[in-house]
Amino acid sequence: MLLTRDGQRRLRVTLGAVALGLMALSALMLVRATQGIGAPHWPDNIGVYLLGNWPAPFGIVLVADRLSALMLGLTAVLGLCAWIYATARWDRAGSHFHPLFLLIMMGLNGAFLAGDLFNLFVFFEILLTASYGLMLHGSGKRRVGAALHYIAVNLIASFLLLVAIALIYGLTGTLNLADLSVRALALHGADRQLFDSAAAILGVAFLIKAAAWPLNFWLPNTYSEAGAPVAALFAIMTKVGIYALLRIGSLLLPAGAPAAFGGAWMFPAGIATLAFGTLGMLASTQARRIAAYAIITSSGTLFAALGMPGATLTGPALYYLLSSVLALGALFLLLELTERSQSFGSDVLAITQEAFESEDTDTADLSGQAVGVPLPATMAFLGLSFFACSLLIIGLPPLSGFVAKFSLLSAALRTAEYGAPTANVWLLVAAMLISGVAGLIALGRCGVRLFWVPEDLHVPSLRLNEAIPILVLLSASILLTARAGSVMAYLEDTAWYLDQPGRYVEAVLGQDPHVFPAPAAGHGGPQ
Amino acid sequence: MIGLPLWAAVPVALLLVLAGIVTLTGSIGLLRLRSFHERMHAPTMGMTMGVFCVALAATVIASLLQHRPIVHEWLICLFLFMTAPVTAILLMQSARRRQRKRTGADESK
Amino acid sequence: MRRLLQSLPLACLLLVLWLVLNDSLSAGHLILGAAIALTLALLAPVLRPVRARLSHPLTALRLAGHVAADIARSNRDVGRIILRGPKAGTEPGFLDIQLRIRDPHGLATLACIITFTPGTVWAGHDPERNILTLHVLDLSDPQGLTRIIQDRYERPLMEIFE
Amino acid sequence: MEWILALAIGVLASSGVWLLLRPRTFQFIMGLALLGYAVNLFIFAMGRLRVDAPPVIDPAWADPASYADPLPQALVLTAIVIGFATMALFLVVLLASRGLSDTDHVDGEEHRR
Amino acid sequence: MLLILILAIPFIGSLCASLLPATARRAGAWLAGGSALACLILTLLLTPEVAASGVIKLSLPWIPTLGVDLTLRMDGYAWLFSVIVSAMGALIALYAHYYLSARDPVPRFFTFLLSFMGAMLGVVLAGNLIQLLVFWELTSLSSFMLIGYWHHRMDARRGARMALLVTGTGGFCLLASMLIIGHIVGSYDLDAVLAAATAIRGHRWYPILLVLLALGALTKSAQFPFHFWLPNAMAAPTPVSAYLHSATMVKAGVFLLARFWPIFSGTDWWTWIIGGAGLCSLLLGAYAATFQRDMKGVLAYSTISHLGLITLLLGMNSRLALVAAIFHIINHATFKASLFMAAGIVDHESGTRDLTRLSGLRTLMPLTATLAMVSAAAMAGVPLLNGFISKEMFFAETVFITGHWASRWGLPIAAVVAGALSVAYSLRFILQVFFGPQATDLPRTPHDPPRMMLIPCAVLVLFCLSVGILPGLILDPVLNMVMRALLGDRTPVYDLQVWHGLNLPLLMSLVAMAAGIGLYLALRERDRRAPGQVPLIYRLDGRQSFEALLEAIDAGSAALLARLQTQRLQPQVLLLVLSTGAVALLPLLPGGWWPDHPTGTPAQWSFGLMWLAGGACAVVAAYQAKYHRAASLMLAGAAGLVTCVTFAWLSAPDLALTQLTVEVVTTVLILLGLRWLPPRIEEFPGPTPMTTRWRRLRDFLVALAAGATMTVLSYVMMTRLPAHDSISAYFVQQAWPLGGGANVVNVILVDFRAFDTFGEITVLGVVALSVYALLRRFRPPAETIAAPLHHRGSGDTPAPFEEPDLHAPLPEGTMRVPAVLIRLLLPVSTLISLYFLLRGHNLPGGGFIGGLIMATGIILQYMAGGILWVEARPLIRPQAWIALGLMVAGAAAMAVWWVGKPLLAAHAVDLILPLVGTVHLSSVLLFDLGVYMLVVGATVLMIIALAHQSLRFYRKLAEAAGASSTES
Amino acid sequence: MSATILHWAGGFAVLCFTLGLGCAAVRLIRGPGAEDRVLALDTIYINGMLILLVLGLRFGAGLYFDVALLIALFGFVGSSALAKFLLRGEVIEP
């Protein structure tokens, strides 16, 4: 794509479409393969690819288990939608949008497939650098300022990752995740202490990426300043951190469960993050900031859920992850379109109007104009989509947001039976419900302002390739609702396998390299 | 360096010691000389004599041990010779410019 | 064909460099080195429009010997000045020398020699009047230094390059 | 050797962290550079220190014990490259921010003391 | 099957309505009315089956793992509500068709109305608690949309949002309660839950469960203290008020309470919470209704009051009271809906709902007046109307209540007071509108509406009358069916009759009637003075408190957020460092990890000395970075060189090479950047403020601690024995036999772990592209643009920018001699880069180092010759090199697919050439070549993109200067 | 015997180079002029190169030579870029 010249935009778009289409297809095939369809020879339906044909603990492996396949599928859907949206006009806001976009997809996919700790780091870097590029796409003062913080924090996080990986290698002598899982169990005494310390640093690095309070102050600015398709894609970026926490937690801890990095503080961190996100949503007036805080809220919910003891919450948490990523992605796309309809400063106007409004009393005329204002189809579409996104985020029925919230809470209550502190259960229930109410307040106000305040709305011109992605994302979440039964079954399966790291380990370490009957004629020396 | 005959080891050792002393002297010059222009001259000692001596020592050792002339250490000398003026010319110009500016400012006062 | 011939000296230099670097005279390295050297030498004039013409290799060798001896001597002198410190009582200063050499490669080699000799630094060159300015650590004998530069260095360089 | 290198890592890290806590973008980027050295040395140190045992093997004598651990070296190589790349990017962002916001404060605006 | 149809028809209808064009009025009404009628007919068709078997149930799996299915369940109780919902729906559709203006976007109205109808049917037919909840919230959502139908009006927006917030919050509470029920029972199936009544009542979580359930139900039914949303919801079109806010949706709360009555009732908690809320709503609603100025306001408050009555009945823990409650649900739905319709007609015809403006409409719209009077009489509890019978039942229950004296005396008195108030506001409603002198200043001259619009109202009034006269005949079978559904065998004996003889309840009725009339007369004067003001509780305005609460939440959360987060980077970094330190040190607190017998290599003084210098450089670099940027850069460079030497010293030549080349390129890069940073001027000559000093001390300590942690960690790790079975042993052993290279590090990079390298070069490429993209929008600080021109100029005047001579063989000036040397260096450095590239597999080197050497050679040419001069000669397109490099590396990785090996596997081909012998060509070398190309491309691209900025802005300057000179 | 002599001679040389590097570092830290610092940096590079060369001799491994070679070839790039920056205000001119 870099070989093409600036004028050849159509060629770039075609190339991008082909690449993303292939990616989505492979992700779909992987999801099916991990269900045992199409790849019958995979042990436990876990696919292992030995890169360079080196046996497992030595070479780098790619592993596609259910969790990976799930995340890949989600990435493909979101990526495709964000990309289609971007082709409408966004890709022309700066140079190199398409290559950067494809590279961030590569980073995401690689991170989800990595079966090697250092390789995970490398893919983190790819996706992060590509995200820096995309974040800066289009430039502008506020965006560059936000990007500066974003990059700064993530660079420090990368250092932490490196230190932790180095420590882990120094202690165990391996980088392969499956092998690590075996060797970490054998550590004891001082080695174990040091290993825990390394794991904690690793955890902090992932928590930064996953936006845990108090390490997430960079997020609201970054997400609200990024361009719409980029922000939509970023909806999955925090989830990469969650994925890593889950994966590493599942493999590295003797308990196996994803309570990960010292389970004791994951839950409080989650509740704190949740509370922080909730506060942020309440305190924000700008729609994009509300959406950004909603991302924090969803991260907090996931932390808290994964921080509960046992693996019962993992499946529902994954469902929540799917639902919230789809919703937030759609919301970010939507908000940009909506903002186009607002004349400059109408935000402020609406606020002041509201303030005056509460002053006047019942004398408000009872016979005001009782004739409805017809909404143009565009606004109706945007309004309904916003409504649907809000429902998804708040967790109101009938969409998947509700199913997610409900399943999380019911699973949380179940943990009370086997030993979870009851206070924690109530705390989680209360926090999630309160965050729902806060979302209702914030998004309700925001929606009313955006769509119902009559101040000179000029109807934005909506292109088909801007509407379709939103529709696709929303229909995906509707599909998620309708097929909740089978999706949940798949996710419970995923959770079960996460709880049984032995199977992952077996699948990876048991994979033999291909044997070639005629070995390459004895490797010679130098030329 | 195992297997080097004593008759070769002694001059090689002397070469190394000389390289050390010369280079150190040059570096000390960087501290002791008063003005920048004077200091410009000091490090050249290490760059020339220090490197010569070490390269000679290396050539002797390598040639004796491998029983054929080995000259690639002299590439270092060649490259240093080729590149030395670049920095020096620019630095000198910069220092002179700064000095001119300073004296010019003094004059205008 | 002319280009090929013109680039031969550089090619030879590069081939020698390659062989020295690899420390080998094997057929493989000869062929590979020759191929690389020739390619590079053919491409080089694009970014190096001024070509050097070399002649009198013996003069060049003698010059190298002189330079080596001068470097050794200057090292001794400069070392003494440094170790004595302020007590040395030397007077540093600038020195202008009228040059005759015009070839850029010759000038560049002169710059290398002067810079590589402790005690003298190239401090500027006026291309119109062809005057070289030096900074000298010990300016006790300006005429001697001028003579050394003009006779020992400049003349052989003119022989080699012009 | 170990304690020297450990102290060196500590000094580099301290300088780096101090700079990361400073308000000027240039300070931050220098902090990244210094912390980068520290982290690279740290990774390298995880292979334990060996003098005169570079992992360039003699084919006849491939005993792992007689060579320095090659893996951390490979990791550091990757880390150096990535560090270089990200630093370059950060530098350009810093410049862009300086140009747009007219200050070299990391927050894009001067705060009152 | 019919059940599914009942549920599906409204939703399908809603979908169809949403697709209608905005002008399709008649079609929308037909769709809505037809759907409702179809539902009604289907429900009626099911009557025999329900009556016979008690329950019809149908289950479709949805999320089996969570025990949530789509279960439709119709018993007598659900049947009753289905009938109410669908029958009212049909009437409302007819009414709304006439009510809505021709210019209203009618399809939108019917879309939401139908979806509400479906949701409401879903609530009543739900056989699974979670499913019930889903539909429950759907009713709130469609109510929100319907209230906000006229969203250009402020009151509509406010009312809609308030209703949504209150009922939505209640819904969340209900969700919690459902979850707890499910947890206790182990199932969300309604039958299972109903069967587990004792388990629930006895559970330790019962109180919290009850509170949550009550919150859900009471908010929905607009009960005290959540009643305030209902009057504000009157901003909705009147058909909506009639349908949702009197007949159906607000009934969902009491529906639920009655549904769970067998489970929850019978405890003191129940009485106090439910009964208390009911009593308060009963009195408060009635009191407030008496003083309303808006016709719909009166009706809204009276609805609160009547729902309070029902709630109170439910809270009385008496089965007969339950019967009364159900009976009143039916009655209230009929008379209140007809009153709303009448109010709507008046509003529609006269243009106002203001009781003080309306007067004497009796003569202008006699039919409407008659219908309204009958319904109002029913509301007031006038004998021979249905309201009377349910009121009698209520009075009877209050009289026979047992327990505390306060409730024994208080309840009957409260009942009478409420009765009196209801008489008063009914009287006022009728007399103010229809009697008295004919109003003259109305916006429109009213007259009776089209007959069809009156029909729904008339049907309801007829029903009121017939139930009032023949209650037993009409409602006895229905009530019986309902009570069997709710209580099963425990259904009490009751008697639906108009005349029970002269007893205490009748006496209370008469007293209430008389008191009500008296009250109306007494309040007439006050009404004229301050219309619409509710005495005593005027200040307790629910709406204002609610909005004040919302504002407080906004402000409070903003204030709290400001304390909990920071937008500044430094505190974030500090937090990051501190939290990392904390979690890293926590596992180490117990101690025991300090090496007792440290292993290691003996220290060399030179090494220590070298690091003394290197460390000092680092520290000073940190110190100087603020004001002396170039110095800081050089100092850091020195530390970098010491690092490089350290790598070499400690057996890592590859690292040393890489560190060195990267160091060089980084220095050039940062210098290119420094050009755009204006010099920092030292500020504050005075003493440093105390806070700054403190902050510096704090940062210093944190930095020290971070360094100490790194020192300790690295020392401890270095002096431990390495892991005995490290994977690197494999690399050392197999690098030569399997990897075909002697340099293990390089074999790892390009073979064992080539994927990392692939990723790493991708990062480099990405960064180069990002840098390039960002620089295209670069805008430098103004004072820096011409800074170098000042350098070049003499004294204070900058030299003007001149386009360089592209054909000059050598640059003029200072760079003349260096250029000769540097240009000679390019072929040399290219050769050396190839040397490092080709030998990398066996000796230190490789594509990365080679690439950086090549890039440095190119950069040097730019330094010597200037951008334009170099680019006037055909050279590389860095972007193409990046792409080619990635492609070559990728091709090398994928080429082996062709021979059937997995990605990145090495494949070697031995070529036998004449003279040369065997040439070993490996895909690995190709991979390294890709790395080489990419590194060259990326590095040059970044540097050159940065360097190009100068040129760009000089040209702009020159253009500007040229323009100004031509002007003058 | 010869090994011992060479060991001590090499050690002495490395110590001298290190001390020289230290002297240069002091100059680098003290300045005063920017040109002084550039010069000191250049000296540090030379000293580092010499350290590597002698280390290579002591260990008898040719692998250190490459690093020294690169320093010889490119050590000047950093300092000349700095010098040019000081002189002209920018490293790469139009």
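For clarity, chains are labelled A, B, C, D, E and F in written order, and residue numbers in each chain start from 1.
Following the convention adopted for this analysis, a residue touches a chain if its C-beta (ideal position, glycine included) is under 8 Å from a C-beta of that chain, and two chains touch if they have at least 3 such contacts.
All figures in this text were calculated on a predicted structure; none of them were measured in a lab.
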* Structure fact -> Listing by label each chain that touches subunit C and subunit E gives B
* Asked: Does A-D or B-F have more contacting C-beta pairs?
  -> B-F
* Tell me which chain's centre, taken as the mean of its C-alpha atoms, is farthest from subunit B. => E
* By CA centroid distance, what chain is farthest from subunit A? -> C
* To do: For subunit A and subunit E, let me know how many angstrom lie between their CA-based centres, rounded off.
  => 14
* Distance from subunit D to subunit B - Cα centre to Cα centre, in angstrom -> 30
* Structure fact -> Whole-Å distance, C-alpha centre of subunit C to that of subunit F, is 22
* **Euclidean distance of C-alpha centroids - subunit D vs subunit E, Å** => 40
* Structure fact -> Residue ranges of subunit E touching at least 2 other chains are 567, 569, 573, 577, 607, 614, 633, 649, 653, 710, 713, 717, 722, 726-728, 731, 736-737, 742, 753, 756, 759-760, 763, 766-767, 770, 774, 777, 814, 817-818, 821, 824-825, 828, 832, 838-839, 842-844, 919
* Could you check subunit D for residues that touch two or more other chains and list them? => 20, 28, 42, 45-48, 51-52, 54, 56, 59, 71, 78, 82, 85-86, 89, 93-94, 96, 100, 106-107
* To do: Please set out, as single numbers or ranges, the residues of subunit B touching at least two other chains.
  => 26, 28, 40, 42, 47, 72, 75, 79-80, 82-86, 89-90, 93
* Structure fact -> Each pair of chains that touches is included here, namely A-D, A-E, B-C, B-E, B-F, C-E, D-E, D-F, E-F
* Asked: In the complex formed with subunit E, which residues of subunit D make contact?
  -> 1-24, 26-31, 33-34, 37-38, 40-42, 44-59, 62-64, 67-71, 73-74, 76-78, 80-82, 84-89, 91-96, 98-100, 102, 104, 106-107, 111, 113
* To do: Report the residues of subunit D in contact with subunit F in the complex, numbered from low to high.
  => 51-52, 54, 56
* Asked: subunit D touches which residues of subunit F in the complex?
  -> 58-59, 61, 63
* **Of all residues in subunit E, those that touch subunit B in their complex** => 795, 814, 817-818, 821-822, 824-825, 828
* To do: Provide the residue numbers of subunit F that touch subunit B in the complex, in ascending order.
  => 1-3, 5-10, 12-17, 19-24, 26-27, 33-36, 38-40, 42-43, 46-47, 49-50, 53-54, 56-58, 60, 65, 68-69, 72-73, 75-76, 79-80, 83-84, 86-87
